[in-house]
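Both complexes shown next keep chain A, but they swap its partner, so chain B is in the first and chain C is in the second.
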Partner chain A sequence: MTAAAPEPKTNMGQPVPRYDAAAKVTGRATYASDMPLDNPAHAFLVTSAIARGRIDNFDLDDAKRVRGVIDIVTHENAPKLKESKLFSNGGYAGTTIQPLKSADIAHDGQIIAVVIAESYEAAREAANRVKVRYTATTPSATFDSPGTTTAAAKGQNAQFKEDPGVGDFAKAFGAAEVKLTAAYDTPTQHHNPMELFSTSCVWMGDNLVIYEGSQFVYGLKNGVAEQLGIDADKVRVVNPYVGGGFGSRGSMTPRTAIIAGIAKRLNRPIKLVPTRDQGFTITTYRAETRHEIKLGANRDGKLLALRHEGAEVSSRADAYCVGGTKTTARLYACPNVASLVSIVRADRNTPGFMRSPPEVPYLFALESAMDELAVKLNMDPIELRRINDTTVEPIGGKPYTSRSLMACFDEAAKAFGWAQRSPQPKSMSDGDWLIGYGCAATCYPTQMAPSAARVRLQRDGRTRVEIAGHEIGTGAYTVIAQTAAERLGVPLEKVAVFMGDSDLPPAPVAGGSNSTASTCSAVMMVCDQIRQRLFKAVMPDSLTDKAKETVGISQAPATQAAKSDRPLDIEKAFDALGVGVVEEYGEWKPEGAPLDSFRAMHSGQVRLVGGHTMKDQIAYAFGAEFVEVRINRFTHEIRCPRLVGAFAGGRIMNPRTARSQLMGGLIWGMSSALLEATEIDERNARYVNDNLADYLVPVNADVPAVEVILLSEQDDHINPAGVKGLGELANVGTNAAICNAIHHATGQRIRKLPVRLENIEV
Partner chain B sequence: MSDQPSSKQSAFDRRAFMAGAAGSALVPITARAAAEDARVSTAQDPSLPVDVTLRVNGKDKRLSIDARTTVLDALREHLKLTGSKKGCDHGQCGACTVLIDDRRVVSCLTLALAAEGQEITTIEGLATDDRLHPMQQAFVDNDAFQCGYCTPGQIMSAVACVKEGHAGSEADIREYMSGNICRCAAYPNIVAAVKQAAPEIMKG
Partner chain C sequence: MRPFSYQRVTDPTAAVQALSAAAAANDALTKAAAQPLAGGTTLIDLMKLDVMRPTAIVDINPLAQGWSAIEPGNDGLRLGALAKMSDVAAHEQIQRHYPVIADSLKLAASAQLRNMATLGGNVMQRTRCSYFRDVSYENCNKRNPGSGCAAMDGVNRMHAVLGASDQCIATYPGDFAQALIALDAMVAITGRSGTRNMPFAELHKAPGNTPEIETTLRPGELISAFSISGRWPRSVYLKARDRQSYEFALSSAAVALDVQNGTVRDARIALGGVATVPWRAREAEAVLKGQKFDDGLAQRVADAAFADARGRRHNSFKIALGKRVVARALQQAVTMEI
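For the complex of A and B:
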């Protein structure tokens, strides 16, 4: 075993190499803009230079003179598209701001024209020659900008149903022996997946094929069909590989239907490869947030009162929010809890999910505050968590299906060497470097959604799994292949997996860490349908009833399932059935899924179940993260030489892909704490650093030693696969862990992210 | 496009190209005049196709392209070699890295015309006879990627990093692999992969 392929512990699958490894190292993996097109025309976007106002007129003469220009599409001649509602209101869209519909400008960088030309170079040149005259109005950029409006999230965001609370916060806080009130800020951030937001559209008669990196091909297919006013069966979205998602490709953006409409009008394939800076405004982002936390505790550290108030920026058009109080109100045993989430409307593009949507900003606030409380109590921060650990969430009194938070703290602390920490701030150094150790809890809700799958088994064991899941780098192909191989008892190399195509059986959005739990549960169920058919074929009638009982979901692999002395002989079963292929289709839904789940699944609507919304239980994955920071006492340079995380996520399908994903998450967390922020020009409500040189993400030299510890955990209450999901877990606690370590190194508490050297006052 | 013997000759005229470059979007005010002047003689219009022969993965490829076409777009849009990726088009991310005469180059900032007569190696040219190059195998073994989009650029950069003699230590590898962004953050695994492949590559 190498570091990349950790030895599996109990309830872990094998660390096999990725199914798509060879394709990815040879350049054969085809992403959206790699798809061969027959004589495509190239599109180049023109985006708004103002954030609020109107377009008075265009001067297109100069642009049209560029050789090779085919068409220039503006609001004056754009294809008419129907509106799509926001995904959270039963639609598909990540924004209801529809460009090219009128002369109105709702945010900076809004699409205002599309130039179509014979070549990319001509389209780009013509786009740069489009002249626009605007009437600009002063925009409101962000918090505290004149002209913003603020209101409670409850009542304006359909998915934010309540501000969780219990007991009497005010009374308990008033009476508490130790009190803390602190405010925290998190910045605007952009996903910046490596693959650009490319879209190609090809019509064949009335049928449309869309090549676009998507985290939800069924949502995109149905959304574009709705906007074009055509039958969803005529739209197919294809993306066998997606160059990173992180939430940016979860909901439909306006560009897709626009390009589809133009391709239809011109009767020619259109290829759009937007620029990196356009990606900052034509899709979503993580909005800036503000928090106030109040904690009241006994001298012995027992929490008595917790209040979390959060505010988030959204667009004028849409009341998007992440509302992470659903998690922070329930994380620790605390009898008196109050919370409030507000939305501040500004002249911005609509924000959206970004890796670990609610928990990243909200747990930064709570886990920083817990560290501040530990300092006030003169208590080890791990012990403060232990004292307030709970098996029952305080709001609804529901038990956690499993909770390994303290086990994660203990394992990670041991590996990190927490015992060597001298508790006093500014008490550890190495030459010119101040050293700080910090830690924080991490968690993410366990979520599942309905999913279908089709599995076909041949007599020689060759297996084909079809499911419209998404390979965004998580290892989805790999764990689905492993699931089918294990369930059918066939060698892994005989399993082929087909995903990323909306003509395949529907799978949910690859977001909210639900994919592995949902798709693997569906694939398991369909494999069991196949096993059942095969068993019936070879069993004496008297045993058939028995087989029905034993060959169900959550049984041992097929070869042992019937009876250990009667392993399933696939060839014999095929001969008995007299067929060459056994194929089964099935639809799986999690316990507690709403009645309309399967209908919604086919129409590209997600019905997520899990987290705190389960009926009698609450399901979360947990972890603990430890960091060492080093701060140069003269230059204030901040380095993070070590990151250690221990995580418990139920069944680990593949320790190799799991470790990689969690490692990437820890680095994301470090990046969020120390590097990433989209700077806003508040006068003009424009993003300033909209490129990969100025929007800082880590490069190899920024990345320290990262250690990932996978804890063995079994949870039989969540889904048949026993999977909690890992994609969003690792980067939740890191922001706080780093600020806590900076406090330990310097004695300075930093409550605003990201922390840069100019913020350090040693 | 066809495979042709290598030719150092091309219809490309440096003065025409300069006019063309200025005529693109770089300097719009002065550009307009320059472009109009250029249009007087169609031979100097930058949008008129220019013949160029690129030597890619050991084969000569004859193309007729816009003078402003980058090596990256020539590979992707004209030669159907889509392994090299466009991540920023500004030389900031490294996803488009190829080898030109064995040096690593961001192909998005290199004009195809300027690469004529040089040996371009892309990710598609690395494996031989269906056997993975040691660096490709090391990336597989060490799970040095997740989404895979930056991977071709990382691997080309890693091959050059070793040949430059910059793979002597983990710190060196980290430093000299820092021109290639991996948003999934597979960095520690990339370092492990370069370390694994380096001795075999140096052996030849």
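For the complex of A and C:
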């Protein structure tokens, strides 16, 4: 075992290498824009240079003269498309701002024309030669910009149903011995997945194939069909590999139906590869947020009152919000809780999911405030969490299905060397560098959604698993293959997995960290159907229940297997059935899923259950994160040489892929705290640093040591696979942990992200 | 990117001819129709962004045979303009006798870029000003003379506090040029009438009223070499930046000292990340020269270096930061073991 492949503990699978590792490192993995097309035309987008106003006219003469230009599509001649509602209102779209519909401009970088040419180079050159005359109106950029409107989220966003609260906050806060009131800010951020936001559309008669990196092929298929006004069965979305998603590919963006419509009109495959900077405005982003936290506690650190107010920016058109109070109101034992989330509308594109959408900004606020409270109480911040740890969430009084928060704190503290921390701020240093240690809790709801799967087993043990899941880099192929191999008792190398294709049985969106729990539960169920058939063929009915308990099918006499729980002779079973192949299809849904779950699943609608929405319980994964920061006395540069996280996520399917996910999360969390912010020019509501040289993400030198500790945890109340999602767990707590460590290093409390050297006063 | 012709030249005369042929007499070099291609790490970027639109590319890489030598001698150093940044940074003699040069190169860009980029191209690197690089902004005096400056009241955290004009506040982004200007380097320039030498300090032009003119090079001219006299073992390049590697300076200082018995006999100070051009802080050097070094002196020197600095909305922090960087670089240079 190596650091990359940790030894499995109880309730963990094997750390087998990635199913797709060789294909990826040798460049054989085909991403959307790698798909070979027959005689494609190339599209290049022209995007708006203003954030609000109208297009007066285009001058296309110069552009049309570029050799190889086929067509230039603007609002004046664009294919007519039907509207799709926002995903949260029962539609598929990540924004209801539909470009090329009129001369109106609603946000910076809106698609205003599409140049089609024989080559990418010609399309790009012509796009550069398109001249646009606008009538610009002064836009509202963000918080505090003139012209924004603010209203409570409740009532305008269908998915934000309540501002959670309990008890009497005002009274309890008034009477509390120790009080804290603090405000926190988080910035705009963009996903910037490695793979650009490519789309290729190919029509064969009335049938459309879309090659596009997507986190939800069924959603995209149904959404594009709706916009084109065609039967969803005529649309197929293909993406066996996705070059990162992080939420940016979870809902449909306007580009896809536009390209499909143009391809239909030109009767030719069209390939669009937008640029990095266009990716900042043609998809979604994490909106900037503001928070006010009030905490009241007694001298012993027991929380008596908590109030969390959050404000989030959204577009004029859509009331998107993340509403993380659903988590922060329930994280600690506190009898009096109040909360309020509001949405501030500005002239921006509609924001959307970005890795742990609610928890990243809202836990930054709460976990910073908890650290501030610990300082006020002169208490170790871990002990403050221990005092307020709970097995029952305070809002609805529901028990957590399992909760290893303090075990994570203790394991991570030990590995980090927290005991060596001298609690006084500014008390640790090394040469030019002030040293700070900080920690924070992290958590993410455990979510599941209905999923189908088809599994086919051959007599020789070769197995084919088909499921329209998504390999967004997480290791989905690997854990699905492991699940099938284990359930059917066939060697892993005999299992082939097919994903990323909407012609396969439907799987939910690869979002909300539900994929492993949902897809593996479905695959397990369908494998059990196969086992049932095989066992029924060779055993008396009275013994077939053994099929559910016996692990695996392999070379052993059937009767003996049934009697002794030893595996069944697969060839005998096939002989008895008289077939060469056994294939089963099944649809799985989690407990508590709504009645329309399977219908919704086939039409690309997500029905996530879990987290705080479960009927009698609440399910979250937990972790604890520790960081060391170093701040240069002279330059005030902030570096983070060590990150340590301990996490408990139910069954760990594969410690190698799990560690990789969590390590990436910790690094992203550090990046979010210290580097990542999309700068907005407030004069014109335009993004400024829309490239990877200016939108900073860490390089290797920024992350010398990252340690991931996987705790053993078993939870039988969540899903058959026993899995809690991990993908979005690790980047939640890091923001606060870093700021808490900066306070320890400098005595300075920073409540606004990202923290930059000019914010440090030593 | 717009279509261009591509020509590969194998000798300097052909290079100069090819570059001169397409040049109009009164072109700013940056707008010249013909552009030389060395490492290509800036030019190709700017062509993709439609900021630079040359119609002829003259690939001068074959000249590397004659123009890439690294020649440290007892009396000084000569560096060919087509030497790769990585080769110079890794050169043992450069590291020992000119640490400020080795470090300024090593701390620049990424390993991949340093393997491609040449010294000549490096000093000609153009600003990273977001508004300059985004052609959807019409108002950029550097791109469209007379159109205004979007950065002046825009997002200007990375912009210059020294050497700016009311036409342009774009920062000179490089690192190596600070080492060159600090060490009184000479630059050899090859043109139609042969090769001329001039102080490196005369190469870059502050924006003034003509921010579109960035250097004194004329169309058709090429940098062929840099030379430095003497050795500067007591020298330091200190660079403060947002991340640990692969990032431009928020503030940097190139410092070279001659210290005898605690007294500073000679001092060279240049500043990066804070000025519109490679910036020699001569007033600061004057405060330092002939004095016994202590921390108080370092502070006065740093104050002198930024006496004329002017901050704007997001970049004012660079003044205090720059002073601390200068003071710390001086302390490091004084205490370094040589």
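Basically, the second predicted complex is superposed on the first by the 737 of 762 C-alpha atoms of A that agree within 3 Å, B and C clash if a C-alpha of one lies under 4 Å from a C-alpha of the other, contacts with A are read in each partner's own complex, and residues count from 1 in each chain.
One rule holds in what follows: a residue touches a chain if its C-beta (ideal position, glycine included) is under 8 Å from a C-beta of that chain, and two chains touch if they have at least 3 such contacts.
These numbers were taken from a predicted model, which means no experiment stands behind them.
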item	value
Touching partner for A:T2 - first (chain B), second (chain C), both, neither	first
Touching partner for A:G244 - first (chain B), second (chain C), both, neither	first
Touching partner for A:A419 - first (chain B), second (chain C), both, neither	neither
Partner chain in contact with A:A693 - chain B first, chain C second, else both or neither	both
Touched partner set for A:N128, first chain B, second chain C, both or neither	both
Touching partner for A:A701 - first (chain B), second (chain C), both, neither	both
Chain C versus chain B, contacts on chain A by residue	B
Contacts of A:G664 with chain B and chain C, given as first, second, both or neither	first
Chain B versus chain C as contact partner of A:R28, first or second or both or neither	first
Shared contact residues on chain A - chain B and chain C	121, 124-125, 128, 693, 698-702
Complex contacts: residues of chain A adjacent to chain B	2-5, 17-18, 20-31, 33-34, 36, 62, 66-68, 119-122, 124-125, 127-129, 192-196, 241-246, 273, 275-276, 471-475, 656-657, 659-661, 663-664, 667-668, 671, 691-693, 697-703, 705-706
Chain A-touching residues of chain C, taken from the complex the two chains share	1-3, 50, 110, 128, 130-131, 134-137, 150, 153-155, 157-158, 238, 240-247, 250-251, 317, 321, 324-325, 327-328
Residue numbers on chain A that touch chain C, as the complex places them	49, 121, 124-125, 128, 277, 432, 632, 634-637, 639, 674-675, 679-681, 683, 688-689, 693-694, 696, 698-702, 756-758
Partner chain A, residues of chain B touching it in the complex	23-25, 28, 32, 45, 47-48, 66, 68-69, 73, 76-77, 80-90, 92-93, 95, 122-124, 126-127, 132, 136-137, 139-152, 155, 173-175, 177-192
